[in-house]
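Two complexes come next, and they have one chain in common, chain A, joined by chain B in the first and chain C in the second.
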Partner chain A sequence: MKKEKKPKLAVWKFSSCDGCQLSLLDCEDELLTIADRIEIANFREASRQVLRGPYDISLVEGSITTPHDAERIHQVRRASKFLVTIGACATAGGIQALRNFKDVKEFVSLVYATPSYIETLNKSTPIADHVFVDFELRGCPISKTQLIDVLGALLVGRKPTTPTYSVCVECKQRGIVCGLVAFGPPCMGPVTQAGCNALCPSYHRGCYGCFGPKETPNTSALASYWRGLGMKNDELLRLHRSYNAYAEPFRKESEAHEK
Partner chain B sequence: MRNRTVKVDYLARVEGEGGILVKIKEKSITDVQFNIFEPPRFFEAFLRGRHYTEAPDITARICGICPIAYQMSAIHAMEHAFGVTVDGQLRALRRLVYCGEWIESHALHVSMLHAPDFLGYQDVIQMAKDHPETVKQALQLKKTGNELVALLGGREIHPINLRVGGFHRVPTHRELKLLADRLNRAREAALNMVRWTATFPFPDFERDYEFVGLRHEAEYPFNEGRLVSSKGLNIAVSEYENHFVEEHVEHSNALHCVLRERGPYFVGPLARYNLNFDRLTPTAQEVARAAGIAPPCNNPFKSIIVRSVEMVYACEEALRIINEYEPPARSMVELNPRSGVGCGCTEAPRGILYHRYRVNEKGIITDARIVAPTSQNQKTMELDLRHFVPDRLDIPHERLTWQCEQVIRNYDPCISCATHFLRLDFDGT
Partner chain C sequence: MSTTTPLRIELSAIDGIISSLRQQHYTVVGPTVRGASIVLDEISSTSDLPVGWMCEQAPARYRLIKLPVDSLFAHTVGPHSWKQYLFPPILRLFSANRNDGEIRIGDGLPGSDVPGAGDAVRPYAFLGVRSCDLHAILIQDKIFGGGPYQDAYYRRVREQTWIIAVNCTLASATCFCASTKTGPKASSGYDLALTEVITEQDHYFIVEVGTERGLKLLEGLNHRPANESETARAAELVEGTASQMARSLETENIREVLYQSADHTRWEAVAKRCLTCANCTMVCPTCFCATVEDTVDLTGMRAERLRKWDSCFNMDFSYIHGGSVRSSVKARYRHWLTHKLASWIDQFGTLGCVGCGRCITWCPVGIDITEEYRAIRDTTLTNLVPSSTEEVENGNA
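Showing the complex of A and B:
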């Protein structure tokens, strides 16, 4: 019988916390099964072994923040058939995109005694700003369920089932009392994409936007509702300017509250 | 063979991006560098202007493997600034979630990142083919740690339930009890890990280290205690900056930290263990002795056994806390935010993690300082390479290179906190 060739997987890291690629190692029940079906060909956090490309699937974590990485992402794209970005850093620039609103030189001198040793770009940008991306998985961190769904979908050649509706839909599905109505702001659920299974509301906390803006979010309507409840500009600004600060709808909304 | 260079461009099986460079001339080492080229992310800078309630969530994003450590250090620092103490069951729950993080992080490092080195495998997937039951057991152990973090924190990575003053929601009695069975099995798995790792071949390598860690009057340390060392340091956490200084060197995007009086030091499981052996549970002490690592243990390669011993402890401590749990009436204590400075130091899986914040009267952070375990160990890691290589120049290149990688992995470096492809090659031979 002819032995079928397993598809090759590569995992790439750019500026990030490693949490999203760790999600793959956190699939304790599925990891060995995944390794049976997919050849883990290039995954430095897990293995010394590096097989040559091209790779059938590339998972890309992190944002582009250095001149070197802005070059390297093109090599990754050339070596990859299907490129999936994983997490808020790769899809929106991540928390480190807070620098995009400030002068990065000032940041460098705050953290490092000898700023001249540090090489960095002025902005932290998502992967799609540099190369064509086949699919994006949102989240800070990503959802393991969504990751396994995407890998499964690619293996059998179907479309991934990642929803683009809001966290509110997940709250309703789980029967969670609406915090925005019951105990006041702030909950980013109405403008944030689903994927966490309404995690924060289920812990009696407002959503803070880990999965980034949903499809067609009406951020200004939500902001004026909050303003009516007494929220100040600086609070509205911080709320939109966090883990997906550079995703366009959140960026524009935060800028609207800049003094 | 006169001049040679051991060079690893991108270290594998560590968290983040870093490399190794060892230059050898004749029979002496002329340069050693543990390079950190992970791009800088400027957390201390963008914490300025954020609200104190955001610090635990923002700093968690420094590291996907030990977010609890960042949250706990940030939270304790803020509570210190506000003059608040959290005790009783809320305090116990904080220890419990930390037990989960130690189990999850240590199981990852012991089985997936470090054990393959000792047994000559490239990775855990290869190792699983020859040691299927051991790997499955390790994965279940890791999963139990993650379940504990997920229950108390909401999710394994970047938990959402911890806050300054306590939690958003505390678990019910039943939710915790459901984990007891799994923890009992995890405890057995951890004991097996100690016995298994004790059989590994260890290089004969010891140095006279200064171990630094927290020491608590009654407990093995997670969140509280005095900062002590094996060479006589004994200070309150608030005195940290009087005794420890950070230096910025050209080959690293992390800052090197040294003790002002005595230079490089060692933090992490081996340090905690040597300083706090008497605070371990009897089972953990006994299995450690049987494994041949009665303290003081000065061989950093054996830290893989120590991590396993700490998993035994964490499982037993978690079971104790669960057995004694009574849900507190309130999920958090009352806070009266005020302007001031607060610091916190907790025992991350990789060692002490120090945070200091200045907050204004509106609760806005005006200054932040964070010192991660890996930047504190960086100098010691480099010195280990400097001492390790000269006696082993007759080992074939590929093998010496691999062993140099191992010298670094002994510390479970978290380079996102302070890296990860590793190409080791030898030039000029």
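Showing the complex of A and C:
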């Protein structure tokens, strides 16, 4: 039997916590199948062995926060046929994009003994602000199920199943009772994209918005309804300013509550 | 059958009904308290029912309240509806396995939580079906079980299902079944219909029998014909429920009003509030839309096709070449309300709304279907042009 040439996969890290690329190692049961079907050509968290590009699939984790990052992402793009950004950092700038709302020089002078050693950009930005991205996987961290689905979809040439509707749809498909209605806000579910299988609501917690804004998110309607229930501006600001703070709909909404 | 005189059973007979159905291998499903709400789940005795609980409902608000009496059915409809058993949120339509170059089609996946379309179905007995929800089931019977294209899974489950209805003796603030003529008293489609009566000295049920098997179930349980005052007391309670309803939907000319209101300014106003989160359609007991998802595992050896609840509020729902047909919030809300209250009549011969009020309670920002329709009607009715079915352009599904 003819030995098929396996597609080459590379994993790249930019500014991030490594949690999303860990999801690949976290595949456990499926990991051997992945290794059997895909040649892991560059994945430093798993192996020292690095094969030369070009790569059929690149998974890019992290945001662009340094001048070096901003150059390196172009090299990654050039070496990749299909580039998938993984996680809130890569798709929206991540939690480190909180700096985008302040003066980064001030942080640097407060935190580091020798600020002149630090070379950093004023803003933490998503990969798609710098290069063309073929597919985005949301989440903080990403969903293992969605990652396997996307890899599987690429292998057979089908469409991935990553819905862009609200977390509410997943709650309802699982029969989870809406906490917003049954015990009160906050829950970011109605404006957040599905993908986590309603993880927090299934533990009676409101959604934190890890998967970022859903398609056509009406954040101002939800925020003004909550304000009517007595929620304060700083609370509304914090709700929209977390892992996906720099995703435009959440950014605009948090800015609307800035005093 | 329903012409027989009402019977009286005692509180203890409810346990008799449950255990007798369970002995006949029915999975008895009924209301039960879970966390902060009353959901539907398998029950094995009256102690699983919401004993002494009622619910307080308002737009975007649901709270449980403890009562000083041991009522079984003082609550109204909750976050779940019976459609989750007949039209499961996720159903495996089929799976395909590749083996030695051969593809084998099946639908079962042992050990999976997701039911398969061809699985042997568990026979259900629904206990505590309210009139609004019973009407919703009768509507879904037409959708899935009527016409030339029938849903085999739905029909198989539905044909075996027992329905023990409960007439409502309290209304929630979001209820409006009296105006849609779908309650609060169950009129047909049940095996048995119960009305709970609690007085200072007494706690009993008036039973109306709808089927032979319903009557047979009561054999062996202590029952006697209800006397006139008992029947009158039950009727009074149910009539009282109707008069408690503060909300209403004016159904006269509803189709014509909506067909002539496509450009109404109210749609823009509601679009500013609507989150397009799809909660209203998911909790609606008549909404029946689904999408189909195909997945293939990493080895390429196993594929499956799942049917999942979908909503006309999702962008992909109306996605065709070039994009979503209804990309604006206004278009999606208008589509939903107009289908529910107007084109549904052309499609299935009834309103798509049974007045259960779930879409009002479970909307995270409390959008009220009765209020939205009233706003449109109040400004459209004066200019209403009588229309015939032929003139109706938009028979959308």
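FYI, the second predicted complex is superposed on the first by the 258 of 259 C-alpha atoms of A that agree within 3 Å, B and C clash if a C-alpha of one lies under 4 Å from a C-alpha of the other, contacts with A are read in each partner's own complex, and residues count from 1 in each chain.
By definition in this document, contacts are C-beta pairs under 8 Å (C-beta built on N, C-alpha and C of every residue); 3 or more make two chains touch, one makes a residue touch a chain.
Not measured: the values here are computed from a predicted model.
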item	value
Simultaneous placement of chain C and chain B on chain A, clash or fit	fit
Touched partner set for A:Arg238, first chain B, second chain C, both or neither	first
Chain B versus chain C as contact partner of A:His204, first or second or both or neither	both
Touching partner for A:Asp29 - first (chain B), second (chain C), both, neither	first
First (chain B), second (chain C), both or neither touched by A:Arg37	second
Chain B versus chain C as contact partner of A:Gly189, first or second or both or neither	second
Smallest distance from any CA atom of chain C to any CA atom of chain B, in Å, after fitting	11
Contacts on chain A seen with chain B and repeated with chain C across the two complexes	204
Chain B-facing residues of chain A, complex	13-23, 25-26, 28-29, 31-32, 35, 40, 44-50, 65-66, 69, 94-96, 98-99, 102, 104, 106-108, 110-114, 117-118, 120, 140-141, 196, 199-200, 202-205, 208, 210, 235, 238, 242-243
Contact footprint of chain C on chain A as seen in their complex	30, 33-34, 36-37, 148-149, 151-153, 155-156, 158, 161, 163-166, 168-169, 172-175, 177-183, 187, 189-191, 204, 214-218, 221-222, 225
Chain C to chain A touching residues, read off their complex	34-37, 39, 60-63, 78-80, 84, 89-90, 272-279, 282-283, 293-300, 308-309, 311, 313-316, 327, 329, 361-362, 364-366
Touch list for chain B against partner chain A, complex	10-17, 38-46, 48, 50-51, 54, 57-58, 61-65, 67, 108, 112-113, 116, 122-126, 128, 135-136, 139-140, 142-143, 146, 154-158, 160-161, 168-169, 246-250, 253, 255, 331, 402, 405, 416, 420-422
